[in-house]
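The letters A, B, C, D and E name the chains in turn, as written, and every chain counts its residues from 1.
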Amino acid sequence: MNPISLSAADFSWLPILPMAVVAIGAIVVLLAGVHVDDSDSDGLGWLAIATLFLALLLTFGIFGQTGFTFAGAIAMDSFTAYFDVVVLLATMMTVLMSIDYAGRNRMPGAEYYSLIMFSALGMMMMAGAGDLIVIFIGLETMSIAVYVLAGMARRDPKSNEAAIKYFLLGAFSTGFLLYGIALIYGATGTIKIGPLAAAIASGSMNSNALLLPGVGLLLIGFGFKVAAVPFHMWAPDVYEGAPTPVTAFMAVGVKLAAFAGLLRVFLIALGPAAVHWSLVVAVIAALTMTVGNLLAVVQSGIKRMLAYSAIAHAGYLLVGVAAGAGSGGAILYYLLAYSVANLGAFGVVLAIERTGEIGSGKISGLRGLSSRSPMLAAAMTVFMLSLTGVPPLAGFAGKFYLFNAALNQGYTGLVIIGVLNSAVSAYYYFSVLVAMYMQEGGAEESEVRRARPALAAAIGIAALATIAIGMFPQSYIASAENAFHSAAITETQRAVSLAQ
Amino acid sequence: MVSAVAAFFGGLAIISALGVIVQRNPVHSLLSLIVTLISIAALFIAEDATVVGLLQIIVYAGAIMVLFLFVIWLLNLQAEAQLSGHLALKLGGSIAASAFAAEMYAILARPHLLSQFTAEPPGFGSIDSLAPKLFTDYLVAFEAASILLLVAVVGAVAMARRLPSAGERKPSGEEQAS
Amino acid sequence: MIPLHYMMSLSAIIFAIGVAGVIIRRNILVMFMSIELMINAVNLAFIALGSRLGSIDGQVIVFFVMTVAAAEAAIGLGIIISVFRNRETVHADDLTLLRW
Amino acid sequence: MVNFSALALIPLFPAFGAVFNLFFGDRLGRRVVNIVGPGVMFAAFAVAAWAFVRLAAMQPGSALVAHLWTWIVAGGFNANVGFRVDALSAVMILIVTGVGALIHVYSVGYMAHDEDFARFFTYLNLFAAAMLILVLADNLLLMFVGWEGVGLCSYLLIGFWYTNPQNSYAGRKAFIVNRIGDAGFLLGTFTIVAALASHGVWTLDFQALRANADLIGSAAATAAALLLFLGATGKSAQIPLYVWLPDAMAGPTPVSALIHAATMVTAGVYMIARLNFLFLMAPSALALVATIGALTALFAATIALVQSDIKKVLAYSTVSQLGYMFLGVGSGAFASGIFHLMTHAFFKGLLFLCAGSVIHALSGEQDMNKMGGLRTKVPITFWTMMVATLAIAAIPPFSGYFSKDLILESAYESGHTGLWLIGVITAGMTSFYMFRLIFLTFFGTSRVEPEREHHLHESPPVMTIPLIILAILAFVGGWRTHGFEQFLAPVVGEFKPAVEANALGLSAIASASGLVGIALAYLFYIQRPELPDALARGMSDLYDLLLNKWYVDELYDAIVTKPLFWGSDNLLNRLADRFVIDGAVNGAGLTVESVGEVARRAETGNVQHYALAYLIGAIGVAAYYLYLVTH
Amino acid sequence: MSSNVLSVLIFLPLVGAGLMLMLRSERATWNAAFLFSLIPLAVSFWVYSQFNPSNGNYQFVESHEWIPSMGISYHIGLDGISLFLVLLTTILISLALLYSGGGDITERPREFCFFMLMLESGLLGALLAVDVFLFYVFWEVMLIPMYFLIGIWGHGRKVYAAIKFVLFTMVGSLLMLVAILYLVYSARVHFDRLSFDLPLLYGVPFTRTEARWLFAAFALAFAIKVPMWPLHTWLPDAHTEAPTAGSVILAGVMLKMGAYGFIRFAIPLFPEVAIEAAPLFMTLAIIGIIFGALVAMIQPDLKRLVAYSSVSHLGFVMLGIFAFNPQGVEGALYQMLNHGVSTGGLFLLVGMLYLRRHTREISEFGGLWHRVPVYASIFMVVMLSSIGLPGLNGFVGEFLIMLGAFLKTGYWTAFAVAGVILGALYMLWAYERVMFGPITKAVNETIRDLTPREVAVMVPVIGLMILMGFFPRTILGTMEPSIDLTFQRVRTMQARLESHHSSPQLAALLPASQRVEMEPRTGATAQ
């Protein structure tokens, strides 16, 4: 019987300190919340924010590193750090939005905030995963928490329905994802990212008959998480039914994490096999953009509209994925731009939502907002324009960067589809502006409350970030580019060192 | 050559799996599922995955399925009504699933799926071979899995615990629903 | 030893049966059971591949998958109960409040 | 070439008057306007006379120039704002300022009761300025400025009494028809520029053009000449663009006298004379000019025969006389055209002013059927008009005799015998309708409506004095035929007869024709007043045709105007723009929406449908990989 | 020259826009907005005074790194092509603000001024950008304030008009974005340098197919903006429903951006394709001229009429640009200024009428001259400028354009000349129906003449018309070096193409001058 040789693994804790902090924080929030009344959970929210902020600070320690810890299970590179930062920020924003909302809607505060944090933990795991199984478990941690969060407004049948739909389809798609992992594992004998890439690149993998369907199934599984057509159909229903802060979290956090995983798996691990999947991804991207935008056009509910818009944006991002590793940095930057604008937009939706009503917000509900709360309307304008891709906002810089990258890889047709879709998207994003600025509010809308301070702060931060990231993108682009390269380099180094 | 064990449990797994999806009564479905799980556990063991096979029987076929059973009873579920009205879906689903099966079969059912096999090291599938992996390569996954279970517990509690009834205001969304 | 393609085919068939179950059974609980079928089919593939590769990783992964399945079961059943409380149905086609 | 900056003052005086009257006219009142309006014209006349005297004192063929500033430079192309007085423009500025000044004075009386006198003088002054730019311009482009400027003023003045929509319509018609001609002018200009530019010469300056004329080439010259002549037919009311002039009589009578008789309408003749070198390079174009001129002369005369509106008769007579001028220049005798232009300015201006005086006396009545016997009531008007009529009827020794005679002689001598014949016949018709006018208006019994009879009076001196001056000019204006020709020769060249002719014989024939006309008029309207009606009944078709001006207006309306409007509205606006283009645009939007509407139905809310869709996607992906694996 | 006056010019209005939001009182807002708009106006004139007219290159250049990793820089400069458009912009914005404060805009004045000033920034930025990315940014930025101006302060189907405007423009500009990206990519491949700098991009060689597609993308974006027939249908809607100030800026400056784009980007970037496509574009331009005029003629709505007249006028501009010769291009650029002044003026006048009667139906008016002589007189002058009466500004542009077109295409220009006739027709007819005749509607009896403020708005307009009509040489002369520089490649290429194959059929149509046109202009200007 061999003694377990722990020394073989490199257990350096610093890199996973942020995750640890989030995990411990979640548990602390949970425990602290035991005696807190559901309607009085604001304190838990602030506690969560404090913890997350601490984690955020610790994250900066990871930037610039290249290497692995925990026997290669966790990659400590700028990619991880980049996603950790964005995810943590998105989570903090979500919590900011939730403060007061959760209490007002009598959500179980302890569970609510801790689940958000657990979910964030899952996301961070996905971002920092060094092998497929960590990605998988991270994905499940995130998803399971989000399933529950979607159903958090338990009295609301829509919320219930959202939870069950999300759960069923999520578990369904987990099957496909796992199947894909299984076949890839079978084909290459490894589930570690870098070695996977090396195995594929060296052509030593055992069989295409395993690798190729594995790639396909992985694509299907990730396609679900990023809500790519035709695996997207859960998204509108779930976005609509989930409590609005949770929707924001799903639209941003889940998508971030899903893309983090997708990038690690496809652009890095399966990068050498790009020729086998880029066409499929391109087709899916085209479909996703088109369907997302077409359906967004006909929506009257604002959350549903934003859901389809999120689908469409996944489509744009997939254009970058299709284009391959050259657009990795662009995807990262786009995700950042997309995240801030979307968080803000959901924040505004939240601000005009009446207590106890989930998912009923219509675009027409924004009528006359510009005269009732001009700042809110202005912020929403910034978000909508950014999502449309109007310069000089973040969304534009993102699209520009992304399409540029795709074009440089020769995906001209896809880029043209993308820009035409952008034009279509202007139609529905601008319809929000129409409602806010060009139509008078109905009497029944007059009870819209003033945005709460925390929420207002969240919206304000998002708006400023949207402008700043768009106008001065250089440092963000640089760090996004750097993050992606660092992941690629780290994994390559590992593969090389393992081969020796 | 297909060994008798494999043929038997494989066939049983397929038949019972079909049972899961054609039985009208959820309890029957569940029982079929348990048979499937056990058949698969047997195949695990046949493939030198003894520990996992046993876990499959204990944890999966045992604990998890009991959980299902409780829920069925808790919700007092009856057999599904007739097929009427969902024929298209059932037909479409069956055809699509068959097509998918056919595709996967066409891809995977080839003799040289792997160009070469690596011999199993001695003690393959034993607890001794599993444990070091769990605490080295998979330590993070292991810890994460524990957190995952915690999340599941928290989530399940959050979902399933009774709603506080006192002073409850009926949200307007519910009115719309009804 | 059982031929690999046999195991893979078996796994594919069971997986497809699970998939079919999700689509054709309107009882959410049974749908969930079908998902369990899918996961088990995948586990089968892991085990079979792992043993052919002489790699223990496959079994470790199955171990984790089972954990995940357990967690999913807990959550899923919790959600089902919650839905049932609100809607008094476990039929997928009754849950169409959110659409279009 | 002598620099003479004071030339700039000639158009500047009236321009100043226009600006002054525009801004201060209403405020300072009638008295000031009555001084400033004609005053600036006299000032301009003075400068013009000064320039004329200086020029006359110089060598033949010399010129006074004033370069003001460089106007347009683009690439090689350049055009100046510069003025030039040579023999031709000297004559023109004298006519414009002289006759113009008289008509301004006359207007003081004529407009004495009109509220809008300030605006009237603004326009009138502005017109004079534009006309002076036209004749003074040293290049084709600046000439075009005046060319369009006079058109504008014509538009404004025709529609001066704007409350009557008919007047505004007439004004617009004038402007548009003129613009059609202007389009020709522009294209002609372009042709010249392009032709010269191909030789590296970029100019529109008349002197430079003349110097480089042989570079233009005969094809380009013909094209340019034809196009420019199209411009001339618009401005000078020749077939086919004459239609605006009769309608233009809607304006106040002094306007008709100044613009639509004496000055503006002759711009075409002036332009051709100015570009004589170009037209001489294009004999076919020149022949066309002569032909059109003759035909117009005849055609307009036929219409004038039966018109009952006193101004309409004069209007068609103007068209007809302009035809003579074109016949003259078209025959290559440019001086003859200009000569007739001058005498015509005197007698036709006078005729209009007299008609105005009559109308004034009759408080606005223009229908000759409601006149008669005015000889004694308005003696000065009668006598001066008689002089003018004799002049236009080409009775020696009145001015018209000399000029018309010169034209007919030139036409004959240039070989256009047929055109000469037309000219002779027209001369007869001219004296017929003119004396018809005289007889109907001043002779016979009064048919004046009683309430107008009451106010009947001779016009005030401010109106009659210009009449008398013009009458003198109309009488003596033609006496220095040869001197005039010689004076102009350095600019327009000398006429070279192609055919020998007996000048005296030709003259006799023409005069005889005129006398026959008078005799017939006497027969019809004095001796046998019932004859015209009988004739009209007897040849009612012809009569109607003439009365309705050959239905040309109706024809244009039917083949141009109506289809244009109908097509614009129905084909372009409704069909092309709204239906096809906008339909495509909105259709695209609608397609997006309806596709969306259909597609959203796929989101049934049933999670199993979603799973099915998912599975179908999975099948698609798997199919691709199946293909990859098996191939 | 390392001054940052241009940056000041671009961002001053933005500062002003921010300032607007802090003001409380309406009156103060209007005054502040107008006064503030005078600052960029003054700056732009100062720049003009410092501008070296004999230098065709960019002046006052300013260049900073912006997004170095993508080769994007904040690179701005001013040359003879943009100079006057900049002046036009600053002038028109001031006038529009002055006018709007006089009662035209009563709701939400702060936002109105905010958007107007923001618009000014966008317009100036687009005109001054040398970096293509920067140009695109400003190009899109100006869309947004205009969208709001139409959508909030417009009339009738304002929302439809606004969104139509945005979507039309966006479809084109997004495809242009793709083309820009491709262009830059090719430049990187060719020069091994990643840069969005326009002068650098001029030199990128392309295959014929590539160049055709790229040109098509650029041309589409610009043609929509111009708008060229048949992409014009957004324009009547947008113009008609926009508030007066919006229409003024839209017609006055924004449409010019399309033509500017052709001059600055589409043609010099792809000279070969431009030459190849010139017949098509000239044909479209001529169709636009005639079509716009004819449709304008029968419009019952005065503002719509002016809008369609823009289609016609911009047809002239395009005609001139695609003539490629100095006459055509300078005429086109000049006509852009003219159109800004005259159509801007017309929109102001129609706005004033609308303010008084709340209708723009021509049939609602008639005989106004008697009641509003000052208004009518000003209208007359502006109208005459619009129809190109010699002596006013419009003529100079139209003449040069037609001359340029004639030098290139010969008698095809006759169609354009016909447009001049029709221009007079619709304008005079409309004028006649509004101003002349008897007063048929009782409400028109009490209509009041212009206020001093309105007169103050119109006086600079009239002044410009006369000034630009009399003394165009300074402006043309300042433009010329820059235009020569920009069109250099087009002209040499055209000369080369023509020397290779001059088809006999074409030669029959064209005057011989064309060939000479390509040689250096040494030709004697015989005086």
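Just so we're on the same page, contacts are C-beta pairs under 8 Å (C-beta built on N, C-alpha and C of every residue); 3 or more make two chains touch, one makes a residue touch a chain.
Given the structure is predicted, the values throughout are model-derived calculations rather than measurements.
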item	value
Touching subunit B and also subunit D, the following chains	A, C
Greatest separation from subunit D - chain, by CA centre	B
Centre-most chain, if every chain is reduced to its averaged C-alpha atoms	E
Between B-C and A-B, the pair with more C-beta contacts	B-C
CA centroid of subunit A to CA centroid of subunit C, Å	25
Averaged-CA centre spacing for the pair subunit E and subunit C, given as whole angstrom	64
Subunit B and subunit E, separation of their C-alpha mean positions in angstrom	68
Whole-Å gap between the CA centroids of subunit A and subunit D	78
In subunit B, residues with contacts to at least two other chains	89, 92-93, 96-97, 100, 104, 107-108, 110, 113-114, 118, 137-138, 141, 145, 148, 151-152, 155-159, 163, 177
Per-residue overlap in subunit A, given as positions that touch at least 2 other chains	133, 137, 140, 144, 147-148, 151, 154-155, 157-158, 163-165, 168, 172, 186, 189, 209-210, 212-213, 236-237, 359, 427
Residues of subunit E engaged with two or more neighbouring chains	167
All pairs of touching chains, each written as two labels joined by a dash	A-B, A-C, A-D, A-E, B-C, B-D, C-D, D-E
Partner subunit A, residues of subunit B touching it in the complex	104, 107-108, 110, 112-116, 118, 128, 131-132, 135-141, 144-145, 147-148, 150-152, 154-159, 161, 163-164, 168-174, 176-177
Of all residues in subunit E, those that touch subunit D in their complex	164, 167-168, 230, 232-234, 291, 294-295, 297-299, 325-327, 330-331, 367, 369-370, 377, 384, 389-391, 395-396, 399-400, 402-403, 406-407, 410-411, 413-414, 417-418, 420-421, 424-425, 428-429, 432, 435-438, 470-473, 476-477, 480, 511-517, 521-527
Subunit E-touching residues of subunit A, taken from the complex the two chains share	370-371, 385, 390-392, 396-397, 400-401, 403-404, 407-408, 412, 415-416, 419-420, 422-423, 426-427, 430-431, 433-434, 437-439, 473-474, 477-478, 481
Interface residues, subunit C side, partner subunit A - complex	15, 18-19, 22, 28, 31-32, 35, 38-39, 41-42, 45-46, 49-50, 52-53, 55, 57-58, 60-61, 64-65, 68, 71-72, 75-76, 78-80, 82-83, 86-87, 92, 95, 97-99
Touching residues (chain side subunit B, partner subunit C) in the complex	1-3, 6, 10, 13-14, 17-18, 20-21, 26, 29-30, 33, 36-37, 40, 43-44, 46-49, 51-52, 55-56, 59-60, 63-64, 67-68, 71-72, 74-75, 77, 80, 86, 89-90, 92-94, 96-98, 100-101, 104-105, 108-111, 113-114, 117-121, 124-125, 129-130, 133-134, 137-138, 141-142, 145, 148-149, 151-153, 155-160, 163, 177
